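Below, each structure is written out as structure tokens.
Paired with subunit B in one complex and with subunit C in the other, subunit A is shared by the two complexes that follow.
Up next is the complex of A and B:
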């Protein structure tokens, strides 16, 4: 009985070691577990896929920094890959000062995989703008005033993909991938005020907050956490649009084992709690 | 006397902003753009000056007084100035002349990104430890929460479908029905609270935003 109770008082350092092993082993030796696609991820994929090639662009706002990058960057990469593979113009911007480097990296890596795409024609990095929701309103008023140049300093009037963008009416779809509540600002200003079509990619921990917006139609599609990224990667592979390594899917193996371990911890903790209570009684 | 000036500005602009939302005209839109967007953006940019100044002052004083953790303050200040300098030189193509173009990007991707991602990754360890120690079925409500958490945790991982193929659907139902009902109620409450607080600020009833404890 005492040895059993000891099992329920495991030292914190042992828990940390077990979690480290549960995360690292599947990353080194991927399990390759298949990911089932949720309807919300499918809707986002379809919203992008429906846009005819070389027409109105997708505006991708990568509103996050390196802290949530492992969870959200695979989503951004998947969306960029989808657009480049289908020749759907894509404009990338960010409302997070740390997002510029990540946006630049995502575009740079994805563009290498599709050698026939041209910078300025198929994709552009509009860069970072300070102001949060004020930038969203400003885009609705006048895109050219909001982004007079792209991130490299070329005047927007001289960048083919940006030349004809006046406001949200000239953008086929807005996608925000964010690690904060900024998605709600996009809903309030871009969707409600300017009637833009919006999809979002968010961290798993905040996914429960956005279900009401899916039901009202204010969000057309949603990618939630690493699983959302894995679902999009799966859809790209199913449609033969990308053969790049599936980072989110690899990450899902690590998340799966960590979740299972945490569930075991909770069960052990509860058995220990009830045994302890019975002993006291 | 001097408190009346900010209160009057808030009253007038607050009422004008509410009115303009319900007036669909070009004049109303121009007013909104000029006052709200342009001024707001300017305020955002100017807010950077005191915030960076405050950061430098705080760490400079800490180093000067040799307070606990002062060495970390030196790292913060060096990091701040190095990134500003490298970013500026890189943008102006000065670094290209010494074959160091893209140094800012290299530092960002190889120093800042791994550091911030690691800090966030540490959360997994604390969550595992906390769930082991604190997540107990002490009451009926706690048990319901525990069962719902188990299902959602299993539902979002591929392994859940192996255990029972209905788990992802039950997980999705939990999110789409009970979760959404609760969230919607909370959002209505928050929305009404925001409207009430905004009105109190516009009408000058709530004055704590001016400092001095609202007196």
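Up next is the complex of A and C:
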């Protein structure tokens, strides 16, 4: 057992190297592990899928910056692809100043994959608004005052997808994909105050905080972390809605192998701790 | 094999500079860190200026005279001067003599936020969640679904146990002692779930960067 005690004092940089290997190898040589779709992801997919084409739009708020991009951008891309494939109008906005470029990139990259969709008719970028929850209240009062123009500066009254939107009543579904607690603001103001239907995509760190809102029905669907993005990508592929590379799904093999390694570290670490304690005693 | 895009190269080299901290602190890491902080701050200021200050304060003030003789529009545009001046009072934080003036905009913000938030938060986070706690055990008597009843009971026991753990007005003995011990178990389970999710989140960020290096930079995977 002395070797195990020695293992306990291993240089942490060796552990970093092992984690790097556990991440890189499955990315280069995929293991093809299956991704099970959770009911919450399925509910989000269904909520979008139920919207009839070219009727009320989906309002997608991409409330995050590049710091959580690997977790959340695949979700946003998947939701945008779903809407464009089904011709469900989608309006993209952001309440995070660093989210402007990401929102623009997601929308334009997905639009290239569906050449028959039209900017201003099938999708629009409303852009960034300062104010957090005040913007949510403002949308409930008057969308046109909140977004007098789209991100490119076209008056909202001249953009077909935006023309008839007065408030949440004219929006079929609100989806917030967020790297902060702003989801709670959406629940409090958009859902409680204006009775909007809300789904959320969140980082894995905050996932545990939002399950209670699913139980109460304040959230209709939920995507949690990179796994959530992979689930939505899987649903798109199952329904033949997208053939684009599945970034989140590619990462799931790496996550699984790294998790197994970390579980081994935790078990070894605990054995080492108890052996060390016994030796001291 | 490698990307020919200069921006991809810059992003890749900066990513490697940040990763170099895993070996030890070094000038490459510090350069990348300071660059990130500086660019983020500068980018944020510009975005806020053009998306908030210009449309909400500067433009209405510049258009103030142009709206004449539409008196109502003139007044509406002119009113932005009030929040503008209130906002400027924040700069008195740099003055020892007049720093108390920042209390004025602060009180306006706090008053407005409390007025807007307290009733709705109470409704969304307390009343609705309390309903949700009991919802699970109520459902089966209507729908006859045993699973939801068991689930609902676990939620109810967990909530009562956790609340009793944080009840400090009596010694944790007898019924309260048992209940608070049950609460500790639920709290531990909650921490465990959060920790597991945190590990997944941090790994996802690493995977995102590795995907960028392997896909966009060295084109090893598609």
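Keep this in mind: the second predicted complex is superposed on the first by the 280 of 281 C-alpha atoms of A that agree within 3 Å, B and C clash if a C-alpha of one lies under 4 Å from a C-alpha of the other, contacts with A are read in each partner's own complex, and residues count from 1 in each chain.
What we mean here is this: a residue touches a chain if its C-beta (ideal position, glycine included) is under 8 Å from a C-beta of that chain, and two chains touch if they have at least 3 such contacts.
Please read these numbers as outputs of a predicted model, since none were measured by experiment.
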item: Touching partner for A:218 - first (subunit B), second (subunit C), both, neither; value: second
item: Partner chain(s) touched by A:112 [first = subunit B, second = subunit C, both, neither]; value: neither
item: Partner chain(s) touched by A:70 [first = subunit B, second = subunit C, both, neither]; value: both
item: Which of subunit B and subunit C A:98 touches, first, second, both or neither; value: both
item: Touching partner for A:268 - first (subunit B), second (subunit C), both, neither; value: first
item: Partner chain in contact with A:191 - subunit B first, subunit C second, else both or neither; value: second
item: Partner chain in contact with A:27 - subunit B first, subunit C second, else both or neither; value: second
item: Which of subunit B and subunit C A:250 touches, first, second, both or neither; value: second
item: Touched partner set for A:138, first subunit B, second subunit C, both or neither; value: first
item: Subunit A positions touched by subunit B in one structure and by subunit C in the second; value: 16, 19-20, 23, 67-70, 98, 130-131, 137, 204, 207-208, 212, 215, 224-225, 227, 255, 258-259, 262
item: Residues of subunit C that touch subunit A when the two form their complex; value: 22-23, 40, 43-44, 47-48, 51-52, 116-117, 120-121, 123-125, 128-129, 131-132, 135-136, 155, 190, 193-194, 197-201, 203-211, 214, 220-222
item: Subunit A residues touching subunit B - in the complex, by the definition given at the top; value: 10, 12, 15-16, 18-20, 23, 33-36, 38, 65-70, 98, 101-102, 104-105, 130-132, 134-135, 137-138, 141, 204, 207-209, 211-212, 215, 224-225, 227, 252, 255-256, 258-263, 265-266, 268-270, 273
item: Of subunit A, residues touching subunit C in the complex; value: 13, 16, 19-20, 23-24, 27-28, 67-71, 97-98, 100, 127-131, 133, 137, 184, 187-189, 191-193, 203-208, 212, 215-216, 218, 224-227, 245, 247, 250-251, 254-255, 258-259, 262
item: Subunit B - residues contacting subunit A, complex; value: 29, 32-33, 36-37, 40-41, 44-45, 48, 105, 108-109, 112-117, 119-121, 124-125, 127-129, 131-133, 135-138, 146, 150, 153-154, 156-159, 161, 168, 172, 175-176, 179-180, 183-184, 187
